[in-house]
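Dropping the structures in below, format is structure tokens.
Look for chain A in each of the two complexes below; its partner is chain B in the first and chain C in the second.
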Partner chain A sequence: MRMLRLLAGYVRRYFLEVMAWRSFLVTLVVNQSVTPIIGLAVWSAALPGNTIVTTYYVALLAVQLMTVSYEHHTFSNGIYAGDLSAELLKPQPVVLTTLGVNVALRIWHVLVGLPLIVVAGLVAGVSFDSSPVLLAMPAVALAAALRFLFTYVLALSAFWTERAHGVVGLGETLIFLLGGAAAPITLFPEGIRPLGEALPFRAMLGFPAEIASGSLSEMQVLEGYGWQACWMAALAISAVLVWRSGVRRYTAVGG
Partner chain B sequence: MRLLRLFGAIVSISLRRELAHRANLIFQMLLTVVDIASGLAALRIVYMQTDTLAGWALAEAVVLLGTYQVVSGVLSTFVEPNLTWFGNQVTSGELDTLLLKPVNSAFLATLGTCAPLGLSQVALGTVVVAIGISDLDAGPTASSIAGWLVMLGVGIAITWASRVLVASLSFWAPQTQLDVVYEALWQFGRYPVSIYRQPLRFVLTWVLPVAFISTFPARALTGGASPVLLAAGLAVGLGAVAVVILVWDAGLRRYTSATS
Partner chain C sequence: MLGHVPWRREPGFLKRIAMIRGSQPIAGPGELTVMDALRFQRLIYEAPEVDFRRNLAELTEMLGIGPLLDRQVRALSLGERMRSGLALSLVYRPRVLFLDEPTIGLDVSAVGMIRRFISDYSTQTGATVLLTSHYMVDVERLCRRIVLIDRGTIRYDGDLEGLSARLSPYKLLKIAVSDGVQPKWERFGELVDVDGDRASLRVHRRDVPAATARLLAELPVADLSVEDPPLESVIDRVYREGVA
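Here is the complex of A and B:
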């Protein structure tokens, strides 16, 4: 309960802080929106008249903005600069501040990106049904949690290497290719589709968009939720383990 | 001539500096390989569903992607290391040190240092172009290869010009930092501009000339270079460089340095 109150406090604080550099925020939103928009253009040209794929990419744009994670900037840089020392002294889990920044940034991304989503939807002539969208909501929340955990674990590599930004970049490339941004997993060739469905990347990005666009049967939706739950456990455990071994390596000078 | 010698020296120093960090080198190569492989894989998945994408066959689209990687590699090797967060140099007055040196300031500010690791992207991009060529129905002729090289040169000139223009905005509006937007919109070059719908296509050809970095060179190689396209490309390229020189001088006149 105290944790939740603290978290809400951090979200409010960083929400206001981000407001100070809102023009830069617009550039971040543009950056995050480019891959789904290119995907929309490519697949509209490849499969003209296929409304499922256009709906999918508009939904993907929304999911992308709701799940953005910048822990390599908000957390790794703190390790490099030594700011982590101050965080370690606070009587609270260190991850709480990072999580607060993350949530605040996501709220801002959705607010700023909303006009873009609406325009993309109108231009592509997309209409959503309410029941698949409702069915996708829990998947969005799980995807958001998974993407945070994944980026956080990769950002923790800053305890061992100077290249945490590159490590997170590698993870983002994997999410692009196997998460459903380059191509919807439902259109993957028969041979590798089961692999694409099982990997965590689709659970972080493509899965909620697949539900919202009505590309999945009930059975497939259940399976997808199953995978999300599995990866949630796996990533949460690895986050704890990596943090514990990493923080022992942390050294800083001064204060 | 003197600038060329200086440029050679800059590249050689930067190269020696980066070769000292071998782990970085290997990791960077890995990132580049993964990035290019994922681009190729994404294309392949698209072409499993269709034979042509807005009039482009798979082999042609591969040539285009390779060309995009070559130009991107040049951008990240020679231009980006100088101009990322250029606005900070203007607001903090760091630009002073540059202006005091006895070399053309536009040259030094935009090409004064480089990150030779990006050349791995140029090399791999060339390999991708070669893969695309080997899959083409009709092999390239000497004239189409020459056309590709000319358009590639034009694309690189336009790349440099557009990046410098974006950075020069800092002279007038130091708070606008468009670095991230530039990098994001650059991604539109991965695919032929003809896949985008009309207002966007016009913008990507003439306002943000992404079409010049990949679509036009690849078209010259796969479809034969039409003299009109080559002439137009050369004119646009030279025009862009001229505009940059004018804008840079106008911008410097607004620059008030750190101590004034």
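Here is the complex of A and C:
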């Protein structure tokens, strides 16, 4: 209960902090929206009349904004600058502050990006059914948690290397290629589709959009949730182990 | 420390210590007010509301931060940030306070105010203050016990007088003479500096009484003082030559 109160406090504080970013925030949202919008344009042209793929990419735009993660900026930089020292002295899990920033940023991304989602939906002539959207909600929450954990684990590489931004960038590229942004997993060639479905990248991005666009059967939805649960456990354990190992290497010099 | 192993980060331990960095006294969102930060600090450290109010009232008085409470952190000067940062770190009454360069970049009056506060706070609450500083004046004014650490090894642990005595068995005699005399200063000690009718002599501690008596007997002394060498030179010598 105390942790939830603290998390809510961090979200509130950083929500107010980010409010002052204004134009920079718009830039961030536009940057995150480019890939799904290009995907929408390209795949609409490649598969004219396919309403599922257009619906998928509009949903993907929303999922992208709801799951965006910047832990290489909000956490790795703290390791490099020595700001982690102050966090280590607080009587709370260190990840709580990073999670608070993450949630605050996502709320802002959704708020600022909402007009973009609506316009994209109207231009593409997309309409959503309520039941698939409701079915996708838990998947969005799991995808958000997975992407945070994934980016956080990669950002922890800052304990070992000064190239944590590059490491997280590599992860982002994998999410783009194999998460359903470059191409929907459902359109992958038969031979590699099972691999795409099993990898964690789809669970972080494409899977909720696939559910919302109505492109999955009940069995496929269940399988997808199963994969999300598996990767959640794997990434949570990884985050704990990598943190414990990394924090022992942490040193900070100077004021 | 305090019966705990620091790296275990037990909440009971972390709630009893505080650290302030002089270069960044307040972390977190700069858009919020000092009062917002204080309120959130109460939440993090689970300070009871009654204690929080009482401690805050005391700190507001001691640090003079009343006018700062409703101002945004980003709008504060460095001196104001340091005072607010001290209030943030002390509002939950830690038993051990780590101060890392608390006077860095501050103007003269702010430095004096911070030094007075640290001294008063330590006396009033009995809290232990660990001060890390490159400013030897901070050390001279505030520290009863000095620990010199060089590449992870403790080179000295004791009081300031003991450090001076061990490292520099000499004192500085500063003399001014009248009547335009030109003394042969080398007869009284090692000449460090001479400027007209003023001179500084380096004399071994055990020879100071005799040298002083001779100076007063043989020269028309207008002024005479016996001083320890500057702390900066003593510390510098530790790191260059080690402690004997």
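The rule we apply is simple: the second predicted complex is superposed on the first by the 253 of 255 C-alpha atoms of A that agree within 3 Å, B and C clash if a C-alpha of one lies under 4 Å from a C-alpha of the other, contacts with A are read in each partner's own complex, and residues count from 1 in each chain.
Note that in this section contacts are C-beta pairs under 8 Å (C-beta built on N, C-alpha and C of every residue); 3 or more make two chains touch, one makes a residue touch a chain.
A quick note: this is a predicted structure, and the numbers were derived from the prediction, not measured.
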| item | value |
| --- | --- |
| Chain B versus chain C as contact partner of A:176, first or second or both or neither | first |
| Which superposed partner A:6 touches (first chain B, second chain C, both, neither) | second |
| Partner chain(s) touched by A:35 [first = chain B, second = chain C, both, neither] | first |
| Contacts of A:165 with chain B and chain C, given as first, second, both or neither | neither |
| Which superposed partner A:73 touches (first chain B, second chain C, both, neither) | neither |
| Partner chain in contact with A:14 - chain B first, chain C second, else both or neither | second |
| Contacts of A:88 with chain B and chain C, given as first, second, both or neither | second |
| Chain A: partner with more touched residues, chain B or chain C | B |
| Set intersection of chain A contacts, chain C complex versus chain B complex | none |
| Chain A contact footprint on chain C (complex, rising order) | 9, 11, 14-15, 17-19, 21-24, 27-32, 36, 40, 43-46, 100-101, 104 |
| Contact footprint of chain B on chain A as seen in their complex | 23-24, 27-28, 30-31, 33-35, 38, 41-47, 123, 163, 166, 169-170, 173-174, 176-177, 182-183, 187-189 |
| Of chain B, residues touching chain A in the complex | 24, 27-28, 30-31, 34-35, 38, 41-42, 45-46, 48-50, 53-54, 175-181, 183-185, 187-188, 190-191, 194-197, 200 |
| Residues of chain A defined as touching chain C within the complex | 2, 5-6, 9, 13-14, 16-17, 19-20, 83, 85-86, 88-92, 254-255 |
